[in-house]
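Both of the next two complexes hold subunit A, though its partner changes from subunit B to subunit C.
Presenting the complex of A and B:
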């Protein structure tokens, strides 16, 4: 009798294990196997285990780099793996292999995960820079857990924080000057169109799909002005007409923008063949009425009006309901945006959500200087000092930028008023330059 | 289209190439010259240093010193990307070392000094400390040692890093992080350490 019971338990356990394995390898929802909560950076793609894991081999370093390497290179990574390859660091690497991303950013470990997904103790800088006060007496008494959290240093990206930059931009400068954002010039990455501006009479949609309101919207759009006909999107490359062309259709011309979109939190699920992101999945507060939206190009850019002004503020605030977003309407930045929209302000003088979170970037492509919108809105978000050079310093002094970004209350109110605190880094750098 | 004519000069070059090829393929070897495939770590290290030192000297003199100090065309700067300037010779050296380290762990090289601008470049291992002392006392003689680092054995060579250009001493003497401001042309400012991996 007891033997039969054991056999039954054994059979059930074996079948259950088999089903688990089948679900793991062939199922779409593998959250059952998550060893712990996934960080905010990766939770959207946690069902795509293969994006980071190799079967029976753990985390793939190249998987980390596939998404993050370009960003680290652009950041002139202060602690890139190449800095630690010298054999003289062998003993240090045996304690902590700083060449591997997961040495500092273990995943699924919420109990030890801090800011930036770092899973080391917050004073980790001490292990290599414990004697910093010998060279920098100004650092006497400063806690090692404040190196990266007080607005002074970052582990990877110090482009706006290195000492000589602080000195060069730290001298007395006006705190704020008028904005003058660069104008975009890189919306077409494919063939150059030679068709002139099109009007409503040029619409080449089939009668069954020719809604007057849509044609009117298109006829007043940048697409029509640029010679992009209905069929260029709805029947591209001689394909049969489709009322709802695939979202990737936009990337045929807007390659840079689509690439950035799929690298950020709005589109990263598409990059690993998961369903599109929806506000219902977000960990940030979202408006209830927006929860069932799905994010693709057309969510923010009405596909017929392609109104980039709506996409720069209204689209963002139709979903985002956190305090920073909610405070935008009363912020000094919003005043400037309203002035530009009303025609009172110069073109490029307004500050929208997109001005800071989807900034216009200069890129050299085949020798040409292109100015395109970076559609990876997370690219400059954390640590927020990444915004200083390309965004904040367009209008503000380095000193004000550093102080504002280190002030959580100032961020919460969307920079309503001046920062309450002051980061000493520029003062220290200037002092050391004057009295080395 | 370019046509090569058989001139006496070309014939001489061809003969030279043939002679070098013959020597490489099967020329007589002497007891103090190891055969191909059996190069000693010391010869390997010396050869690497000859290349590194020569390239570094050419860059310091013919690029940085000439363009920055003599012809005043472009500056060299520690922050060369931000300032649209030339990388400093030490940065060129380090970037090359990092690129090599990404390709192979069979050998590595680095610049170290008892007076580094970047404190991370102080000597760290016993061989590095002894090597810097040795080349400071006798810059013309390299220092050789074997050392264990982690689980690996290395043949380690340290060579004097000589100030070959006025640009070298001007930068180091003026840098606010430099522990010394009295370097002179020809001084040993530090050392080049080359490691050959001995274990498989």
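Presenting the complex of A and C:
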């Protein structure tokens, strides 16, 4: 009898546990069922399973493209789907269906994941280019696992690495010239304001919410100079006054910047309706005192002073504690930045963290060419050769840029000194042009 | 089935002098049969040579099961090929989604067949075959399941839910093997450890498959 009772309790407890798990499975946070660690590119949004997975249909290719297509198109993807729709590639596709992102980038498979989230053996180029030396004898003896890791090629983005470009920029050029970053002019992407510059006397905040220090900060800001009053953010569109307006408020005018922010590591969680990123979630080393910050526009840009200079270096270094970041202060780039900040250097001659990682880009908006800050810090970072054309070559030769970005030690010291190695790609391209 | 020592003593006092006679009279040793050596000791008769052979067969499968379970639990993961030229069957099994489903379902099939042994013990009806051979078969299918587990995981224990599933499966195998190899007096402990580690498996397997299918 006692035995039957025990069996009954056991069975009921087991069924109850199963039912609880079913509720959990279809709940909001299902990370218990993650089959393996998520890659650094996606782990922040791993809680939003539906961002990538369709129920009972696996990974959606269009989910990959929703975030990465624009970037791949801008990169003139060297291995895009258009290429493989050509029937000549049918045999290659039978070996590896390169039209599907997950053929090379399987997620949650840490045991087979390499650089750039690639889950194939490192010499995967050999699958289709095993006969490369027949056409290019210069490649004789080169290891296939070095195609993409030695600074010569990228699978998707070869904008700064394709042969004609190497030849065009490979002739003797000065290694370095003075920086002259373009000046931003695209911060208003919404309503155009016709109010003139405002001063402290124009502050229209209600008395209960008026703080002299905040009003003074605002009165000296670009917002006041551009005619943006307190109520434009705190009580927009005749909404009741809010001491803490939602972050979406910033995007009403700074749409481009906000879009970039939500596409990068700092804001990608917001794009899938998760709570904001915090340095405590980061996989890179962060300063302990910054771990509990939450990342939104106001984390880097004080919302009243809107000081973009502070956001370009100080804000970054208040959280980031990796060796590259820590080495910035002693770098040649930092000296240029300090000169500009002190007024010794010309405007646009300094090199801040943002100069490289949140670069100023030309955008065409309603027919006008605008210069806007790309707030997706990852847009030009993985692989790092993506920053050669838009960033490095503003001041440096292609040869120096390629060498520096292929030199891990040079990156670690924040480009203190010259790169120790030399990537042969330009020399090889020039040789081939001279002796085709 | 619970037969007390008192009932056995009473049967022996009434003239049951062999394991078979005791089995006929009380039903003892007719379910799993692991107590036969103890009954032989009680009646003062020697175990049949055939029983020794079967026990040796069981011990071999049990030893293989325990060794495999420990190797999977503590051995390093099987490395995959570094080059596309060296990729073999192991890489295909681990990288190809279709093959992963296949090895998974082979593993599930083995687990279900092994679970059939439990029915043999609990469902009282005329079953084909000697219980001792069923035990050896149970162990052999368990070993096959472990081999399928190697193909399915490449000796990776996994993480999260999958880790719990792997650990539960390995514990069930190791305790099952250990129970078979234990002295008859201790079989009960091994049996309960085996049952305890099997207990969460249905739920763990169900959600493992549901997650793979759903996502």
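Here is the rule we use: the second predicted complex is superposed on the first by the 408 of 436 C-alpha atoms of A that agree within 3 Å, B and C clash if a C-alpha of one lies under 4 Å from a C-alpha of the other, contacts with A are read in each partner's own complex, and residues count from 1 in each chain.
The working rule: a contact is a pair of C-beta atoms (placed from the backbone, for glycine too) under 8 Å apart; a residue touches a chain by one contact, two chains touch by 3 or more.
If you're wondering where the values come from, they're calculated on a predicted model, not measured in any experiment.
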{"item": "Which superposed partner A:366 touches (first subunit B, second subunit C, both, neither)", "value": "neither"}
{"item": "Which of subunit B and subunit C A:49 touches, first, second, both or neither", "value": "second"}
{"item": "First (subunit B), second (subunit C), both or neither touched by A:120", "value": "second"}
{"item": "First (subunit B), second (subunit C), both or neither touched by A:85", "value": "first"}
{"item": "First, second, both or neither for A:237, with subunit B first and subunit C second", "value": "neither"}
{"item": "Which of subunit B and subunit C A:31 touches, first, second, both or neither", "value": "second"}
{"item": "Which of subunit B and subunit C A:76 touches, first, second, both or neither", "value": "first"}
{"item": "Comparison of subunit B and subunit C by subunit A residues contacted", "value": "C"}
{"item": "Contact residues of subunit A, present in both the subunit B and the subunit C interface", "value": "none"}
{"item": "List of subunit A residues in touch with subunit C within their complex", "value": "10, 14, 17-18, 21, 25, 31-37, 49, 53, 55-56, 58, 106, 111-112, 119-124, 126-127, 144-145"}
{"item": "Residue ranges of subunit B touching subunit A (in the complex, touch as defined)", "value": "78-79, 81-82, 97-99, 101-102, 105, 108, 110, 119-120, 124-125, 128, 149-152, 154, 176-177, 195, 197"}
{"item": "Complex interface listing, subunit A residues touching subunit B", "value": "76, 82-83, 85-88, 90-91, 93-94, 128, 135, 159, 162, 164-165, 432-433, 436"}
{"item": "Residue ranges of subunit C in contact with subunit A within the complex", "value": "77, 80-87, 94-95, 154, 156, 158-162, 199, 203, 206-207, 210-215"}
